[in-house]
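Got a structure for you, written out below as structure tokens; questions coming shortly.
By letter and in written order, the chains are A, B, C and D; residue numbering begins at 1 in each of them.
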Amino acid sequence: MSVGYNAMELMVCCAARLLEDGRTAAVGTGVPCAAAMLAQRTHAPNLVILFEAGGIAPQLPTMPISVGDSRAFHRAVMATSMADIMETCQRGLIDYTFLGGAQIDAYGNLNSTQIGGEHPRPKVRLPGSGGANDLASLCWRILVVTNHDRRRFVEKVDFLTTPGYLSGPGAREAAGLPPGSGPYRVITDLAVLGYDDGTKRMRILSLHPGVTLAQVRAATGFELGVREPLTATDPPTSEELRLLREEVDPLRYVIGRH
Amino acid sequence: MSVGYNAMELMVCCAARLLEDGRTAAVGTGVPCAAAMLAQRTHAPNLVILFEAGGIAPQLPTMPISVGDSRAFHRAVMATSMADIMETCQRGLIDYTFLGGAQIDAYGNLNSTQIGGEHPRPKVRLPGSGGANDLASLCWRILVVTNHDRRRFVEKVDFLTTPGYLSGPGAREAAGLPPGSGPYRVITDLAVLGYDDGTKRMRILSLHPGVTLAQVRAATGFELGVREPLTATDPPTSEELRLLREEVDPLRYVIGRH
Amino acid sequence: MDLLSQGEGALFGDPSSNRARQFFADKPRALTDKVMTVREAVGRFVHDGDYFASGGFGCSRIATSVLHEIVRQGKQRLQFAGHTATHDFQILCAGNGLGRGATLAAVDISYVVGLEARGLSPHARRVMESGEVAFTEWSNFTLALRFKAAAMGVPFLPARSLLGTDTFRYSAARAVACPFTGERLALVPALYPDVAVLHVHEADCHGNCRILGTTVSDLDIARAAKRVVVTCERLIPNDEIRRDPSRTVVPFFCVDAVCEVPYGSYPGNMPYEYYSDEEHLRHWLAAEKDCETYRAFLEQYLYGVTDFEEYWQRCGGLSRMQELRRQELLLNRPNGETG
Amino acid sequence: MDLLSQGEGALFGDPSSNRARQFFADKPRALTDKVMTVREAVGRFVHDGDYFASGGFGCSRIATSVLHEIVRQGKQRLQFAGHTATHDFQILCAGNGLGRGATLAAVDISYVVGLEARGLSPHARRVMESGEVAFTEWSNFTLALRFKAAAMGVPFLPARSLLGTDTFRYSAARAVACPFTGERLALVPALYPDVAVLHVHEADCHGNCRILGTTVSDLDIARAAKRVVVTCERLIPNDEIRRDPSRTVVPFFCVDAVCEVPYGSYPGNMPYEYYSDEEHLRHWLAAEKDCETYRAFLEQYLYGVTDFEEYWQRCGGLSRMQELRRQELLLNRPNGETG
């Protein structure tokens, strides 16, 4: 990675830039939280953060360790129930959500349940959906922030925990998921990716500074298209880095993990 | 009516005596409220009162005018929502409810929607169900307190607003209403009535002092059985009257209406 | 889960959660300042033909100022959820049958025309018996569940009431057998009002609300409605909201307008603030008996005043409000506070 | 409303609202004194084979004392709702796979074995990969809705998530088309736990509870469960409850036992009281790596103590609690309060 910033800092900046002002985001701990906090300090002062355990529009004094801990509703405008938050998503009021997983496929489907074996006898048991299936079903735009390697970017997830575009165009709607919702962006340590409107398959939007197309394809277990013209990801500005390091994550909980 | 008490005082006392200690009652304003307050002061100190607007176990300083006014949760243990109260009924936690209506039939079905005409063009429009249909569906035992005359006690209600035993044995269960729930007692200015276990039709349990069986039958628009042996209603005790007049309803809101 | 039977009542409003989502997708969500007058709020957010819902419990914690303003501005052909409606319904009915068109066109009825222990409204009866207002029957709980379904973002919820009655028959509910247990249930369709109004104790300028006492169906109505006008006894700083976020019961993103209206539930009761004005309510009820008398009454108290403050000034002003506050707080006892 | 598809997961518990009503018909409702020790509450109300649910959010506002006592009393074959479970699940898993039988027999999984930002629990993974625990998949919201269905007294609720995924396939949910709109929905069956435990800030002796901060699913769990054990930071007088009934979130008739347990969520976070003890949680996590080490750890902190107070005394006692209180209230800033 270039001098001046690390991969995690770049990922947080990329994620932050995608969050429009005046919109709502259901976030988790770590990168999503840092991205939302950075967005609020740059172009999106009116971005509203929600945590699934019940915190609405908190003023975070520091990174929460859990979406359920008291930091996640520090000086919030409301501390409510998980159902109230999820129902707000279900009504259609929440624009963004950030998710992760052990595996992701070309349609943005995520696995956080098990690796290997057959259900119910996994080789490796992972936590399961948590709120991910719900947030991915009910929020308008799903963002994923993850490291980019072939173990993660797979042709077929071992278990489809959380819906992306499922089997492709029209599949979400056919399953009953709300029309107009779905995967939006994937931010990795190599690139920013989106989805082809027609095929609903993942494709590269921009390569991070110094990263080649071949490198991204080599790290991806499925065929990966490109949106032309393929651009380069803008590196973090010095102002973004300053805010991230001084105000958002001074203890380097997130940006120290790279 | 005998010297010493009026018909309303007798009705309130009869209603109060039916409420077992340690049970729950969803009550409205007026007679039900007075009956529950009297029961608490006599044999049922642990009777729990709820109002459908959200008051749980209030300590009533005076009669509420509305089940939604602030008296109905004065020094309550909880002020909650209407749905929370109704859901508590639906779960099976509420034992008694008191209802009224412009008409009642032999199966305890009630009409509080319209008199005459065909829906939707009534001759006389009445308020409608309010919470009555719900409470009669969801609480275990329905009590009705009403004046006794042929306009009210009818062969067929003009509109079945609120379920009694519907068309008879098994009908509530067949309709989907919770098994084991249903009409329990009717307290009028002439008698206390119950329901035959086999036929689910109303029958007389006791005649008020000075009232004859013929008098009750003449005031009833349907065939009315009798539980043998037919007894006489115990008149109010002096202690009941004292509590009712001095503590429960000193301003005679309820017991002044006779 | 076969459809076993269905009510023949008209379904007012659209229970589709997909179409509601399309509306909510574009609803503003930023923490902006939404403070305005009642006149402006009604002008901007209540439209002719809207489905309208009103919070509180008939004569307790109702947004009287907005109800008056709707009638005063002559809004027409509203659909209305008559959920424990008493004085609120009386006010809306003043817009029908008196030569000013028809404020009400359709009503989902749970409880209307009645005033609980206060009797029946003669004018509401005239309106409801006139044939000019369409209606469908429900119960308090099932109408509450219709709001809750919308608040949850699903097109229906199941209930165990209504079943077996004419109330079901003339509702728009449907009966099914539970696919898990076989238990027979009524399904009630979501009700997303176009606009709703609530009166609350405290709100900040963004619409974060606090309510004391019973909440009736307000929390669900606020979430179910596409547009929400809040009136509050007192505006409070956002800082005070943030000091104790557990006390907020409606979040700002549900709310479109915030109006500070002291005594805003008058002549209804406002818990911990003032009791209902039974004298004025008796006066109102008596005036309704005759249409001419009622026209004159409305001219004096509703059409002939420019705003809500002028109304309660005509009803006795501050000294009357102080008396109702003493009644609410039981400061007049033991002489009987509602005499 | 045809059944379109259904998950193949096992349905633990009975979603029948009729059978739940039969239980609730006999549940005591009087305002009696329910104060007792945690040992007595677990002894009386948690039975082998019960379906058990736990409030809070994994490591925030959890009833640690009851979870420890369940394992210490060697309760067997519980079914459990793994709803945002983290440290609570870690504790219960201590009763499996270490030669003391099996505390857990079946789990409705939304989130287990993970500890959010803290990593994965090696022992919970061993337990869940052993094959001795049956499980069915859900999500946080759908498991929350299963509690809400039971709280509402209906056998199911509809949702718009789960659909189209393996999570649905291995759940016990069913998919139907809405009879009003045709929209496809997942129906999730009611979950009535036999017994549930909550940790709250304040309760009176009858079980009227106050919670500050996010309530997660506690309000629904308290209403859904057949028996409820509440632990509270502080007992308060019934008079104080009645002084402000708007603050009560769980009414007494849901509750069977009230236990006063200061620091009752330790080592979890208790909002406004104390932050989580990240050091002790790291120690716990590290001890799990090896079964022998873990047995010794549990002997020291769980089996070898007589009650919860002795546990937190062994974890640093009052001075540690004071430090965690300073962290919670941000009194150590700007030096960084979670170091």
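In this section, contacts are C-beta pairs under 8 Å (C-beta built on N, C-alpha and C of every residue); 3 or more make two chains touch, one makes a residue touch a chain.
Predicted model only: the values in this text are computed from it and were never measured.
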**OP:** Go through B-C and B-D and name the pair with more C-beta contacts between its chains.
**Re:** B-C
Subject >> chain B and chain C, separation of their C-alpha mean positions in angstrom >> reply: 28
Original post:
Between chain B and chain D, what is the separation of their C-alpha centroids in Å?
Top reply: 41
Subject >> Centroid distance [mean C-alpha coordinates] between chain D and chain C, Å >> reply: 38
**OP:** Mind checking the centre-to-centre distance between chain A and chain B? Centres are C-alpha means, answer in whole Å.
**Re:** 58
Subject >> Residues of chain A whose C-beta touches two or more other chains >> reply: 55, 73, 79-80, 83, 90, 138, 178
**OP:** Identify all positions of chain C at which a residue touches two or more other chains, and write them in rising order.
**Re:** 17-18, 153-154, 159-160, 183, 185, 212-213, 245-246
**OP:** Between the chains shown, work out who touches whom and classify the graph as line, ring, star, complete or other.
**Re:** other
Subject >> Chains touching one another, given as label pairs in label order >> reply: A-C, A-D, B-C, B-D, C-D
Original post:
In their shared complex, at which residues does chain A touch chain C?
Top reply: 21-24, 46, 48, 55-57, 59, 73, 75-80, 83, 87-93, 95, 138, 140, 178-180
Original post:
Within the complex, which stretch of chain C touches chain A?
Top reply: 17-18, 20-25, 27-32, 150-154, 204, 206, 208, 223, 238, 241-243, 245-246, 248-249, 251-253
Original post:
Tell me, which parts of chain C touch chain B in their complex?
Top reply: 56-61, 82, 84, 86, 109-114, 116-118, 120, 125, 128-129, 131, 134-135, 137-142, 144-145, 148, 159-167, 170, 175, 183-186, 212-220, 269-272, 275-276, 278, 328, 330, 333, 336-339
Original post:
Inside the complex, what are the residues of chain D that reach chain C?
Top reply: 1-3, 11, 15-18, 153-160, 174, 176, 178-181, 183, 185, 187, 189-190, 211-213, 245-246
Original post:
Can you name the residues of chain A that touch chain D in the complex?
Top reply: 29-30, 51-55, 61-62, 65-70, 72-73, 79-83, 86, 90, 109, 113, 119-134, 137-138, 159-163, 166, 171-172, 174-178, 250-251
